[in-house]
Amino acid sequence: MNHAVFAGTFDPVTNGHLDLMRRALRIVDRLTVAVAVRPEKGVLFSQADRVAMIQESMHGETRLTVEPFSGLLVEYARQRKASMIIRGLRFVSDFEYEFQMALMNRRLDDGIETLFLMPSEAHTFLNSTLVKEIAMAGGPVESFVPAHVEARLRKAVEARR
Amino acid sequence: MNHAVFAGTFDPVTNGHLDLMRRALRIVDRLTVAVAVRPEKGVLFSQADRVAMIQESMHGETRLTVEPFSGLLVEYARQRKASMIIRGLRFVSDFEYEFQMALMNRRLDDGIETLFLMPSEAHTFLNSTLVKEIAMAGGPVESFVPAHVEARLRKAVEARR
Amino acid sequence: MNHAVFAGTFDPVTNGHLDLMRRALRIVDRLTVAVAVRPEKGVLFSQADRVAMIQESMHGETRLTVEPFSGLLVEYARQRKASMIIRGLRFVSDFEYEFQMALMNRRLDDGIETLFLMPSEAHTFLNSTLVKEIAMAGGPVESFVPAHVEARLRKAVEARR
Amino acid sequence: MNHAVFAGTFDPVTNGHLDLMRRALRIVDRLTVAVAVRPEKGVLFSQADRVAMIQESMHGETRLTVEPFSGLLVEYARQRKASMIIRGLRFVSDFEYEFQMALMNRRLDDGIETLFLMPSEAHTFLNSTLVKEIAMAGGPVESFVPAHVEARLRKAVEARR
Amino acid sequence: MNHAVFAGTFDPVTNGHLDLMRRALRIVDRLTVAVAVRPEKGVLFSQADRVAMIQESMHGETRLTVEPFSGLLVEYARQRKASMIIRGLRFVSDFEYEFQMALMNRRLDDGIETLFLMPSEAHTFLNSTLVKEIAMAGGPVESFVPAHVEARLRKAVEARR
Amino acid sequence: MNHAVFAGTFDPVTNGHLDLMRRALRIVDRLTVAVAVRPEKGVLFSQADRVAMIQESMHGETRLTVEPFSGLLVEYARQRKASMIIRGLRFVSDFEYEFQMALMNRRLDDGIETLFLMPSEAHTFLNSTLVKEIAMAGGPVESFVPAHVEARLRKAVEARR
């Protein structure tokens, strides 16, 4: 059975991330979404909240598991018996960083292969940082994240004021 | 009437920024330079000082206005009844970030078009961060910024010591 | 009055080119589309046909003129009393070539400014060469070019067989 | 069952291509290598020879099929009932071209996903054109291609003289 | 006599840096490695430790000197009577930053030339930040740094816990 | 003694190439400029003329030799007992191609190091192809090439008509 890991900060998950998860599920039998621990001051949402937002967004998708994650990604993949790491590619700058990480990961464990997928072009420009900036500035974010994420984002932004 | 916004941090304004403003004024009837608010600890000059340095540099240019700015750029442009955002492009890395911002802004308001201009090649390497680093290290900056900016830069650097 | 030139081979014009022309007309008062002469063996359509396909696509747009063109673009712009050259940007590789051309053109005539616009992300991947390859392979092109261009493309492809 | 297509010119197949095929076979159940037809004057080896060199290199690999191919890749994938296209990525310039092709292919058939893999860094610099140039100049190619390909390459180069 | 400066943070020095130093010594008569001062909170090792780790790694290499450094690099090179700055290039993103720095340095002193070298492809993916992240996560770093650096890295990571 | 090779087509030599040769001569003791043979139909000037134009431009520079060249560059450098290959870098696209060539050359002979230099930013946009296009279109090229090259270029262009 074909098992892949898709890791990230997801602060918060966007429609771009969700599009990639759905594309990955067409390719692999099982997908584990690994939500990276981050120092609390660096993120808007707690790790538990970031996990919950993805679970709610992908509800009913039985081949997908969402888990908190810390440490080395290849080590984590090995423990989960996953043989693939899924990454999204949108920009040249993504590409170089991803390339560097993938080569490093391959050096750490050559048995785990990195697969790159391309999100829908409608999400090319999307990233969590931009979405947070727009929300902070009071702009509309409903076309970038699911409705339940938008609600949490509004609340988190208000709490920060 | 053709009205564009040119936004940035301008900490401080360089000859590269001024070159772009002059090029923009050959294309548009009216140019508003929007100086972004930033957390005080992240910048060397206050927002008021950053506005003043541009005003002094472009003195006598009646079709140009300099204003403090915060919030969403497309929202700001809409309020000013500007239909264009002007951006400078020098490097591939600029290009990708700018592309992402421009696509996001277009999604937020398709009525506002982003125009990219190219600064003179004599300013390709210039940016405010490098200019500040050189000034901090005691190096010469007179060919990178106007004389009055250089004087302020020297004073600000000394105050930091 | 604000007059710009938009030059290309347009073999054939695509929805991406037409999107850029419409965006340019929101910025300038008058747009001249300059259709470059090419050695007949290098193109699928004659220069006259490439001009006609753009005229038909932009029919009724009185501020736009389509003309055959050969020689130096800055020289042509100067003769037409245009002060701007419009270029589309989609990719890093576009960017570098365009940057090089724009610097060269500025060196040849500093009075003519190059403006870069970004096509809709729905057309990011589009170019005339890909469209021709798909048509040659018998694939569907109706979402990439106007209907009348598609008809001509089918005919041209059949004549080549 | 998981079936992917890996297409190219393979004129001739290099160790970099073979590394990618082996990596792909760790991810998919079945791999079809599609060898593109090319005008005879543009390639050193005939389509039949290019097919044969891959078959010989991957001999014994029962989950891999090598086939001549012409036309639209997505159409071909659909006929073979493959749901994935595999592509190798090494450079930024690869990336942009591949991105453009993948977006175009997705537009032509959204049911076929493009997966990008990274070859071993030992093969980053390898491509068929460089290998042919070295062989033409009488240089050593034995570390870039399998021995049987090297022998054919020597013979083809001599025949050209 | 041919004298060059190779500057960096080296927090800690990696096999990639050492490979570049050895390549530089094949080209120049004398090489000064300049270890930049950094705010203590931004680095894992003190400036003295970073100097010592390079000295130990390049022990016996009489044409190489390692020194602490602060201020402007071109000014420093001038004081040392070096006429060249050596930089490593691996990625497009490196390239653009390096290009910008080199143009700025040339503007500050046209008598000092910047030379770019390419590290071995086995080290393409290596950088100090990644090495520290792996060490922090308890992963293996012995193939990325010399043994004595690995020992110090383990100790420094434990002290942080 | 420090000996480097600088190879190219030089069809014709431009001020950008000459700037790089002068910069190289500040770094190395001896420079051999290797002018590549090309199929006559692909170039405007014969190999002998391309050699002569460089010799005339660098007249009096005793540490520089200009020679016709064919075959493998590393082989040629080895025969000339040169230990370095000099290359110019201006653009990201240059960079990737150069990187690939330099890795290949290192694989062919690890004793020959490739050094990258940066031309003056005044020549960033310059290349022989653009210069020829401008000359063909009757545009001014006197600021891009030496006067004697300009004269030859005019004559060659007229002969083609």
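A, B, C, D, E and F label the chains in the order they appear, each numbered from 1.
As a working rule, a contact is a pair of C-beta atoms (placed from the backbone, for glycine too) under 8 Å apart; a residue touches a chain by one contact, two chains touch by 3 or more.
The shown structure was predicted, so the numbers you read here are calculated from the model rather than taken from an experiment.
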item	value
Angle of rotation relating chain E to chain F [CA atoms, steps of 5 degrees]	180
Duplicate of the D-F contact set - from B-C, C-D or E-F, the pair where over half of the pairs recur	C-D
Whole-Å separation of chain centres (CA-atom averages), chain B against chain D	48
For chain C paired with chain F, centre-to-centre distance based on mean C-alpha positions, whole Å	33
Mean-CA-position distance for chain C and chain A (Å)	39
Residues of chain E whose C-beta touches two or more other chains	92-93, 96, 99, 103, 121, 124-125
Residues of chain B touching chain C in the complex	2, 23, 26-27, 83-84, 89, 92, 95-96, 99, 102-103, 106, 113-118, 120-121
Residues of chain A defined as touching chain B within the complex	91-93, 124-127, 130, 134, 137-140, 143
Residues of chain B that touch chain F when the two form their complex	92, 121-122, 124-125
Touching residues on chain B, where the partner in the complex is chain A	70-72, 74-75, 92-93, 96, 99-101, 103-104, 107-108
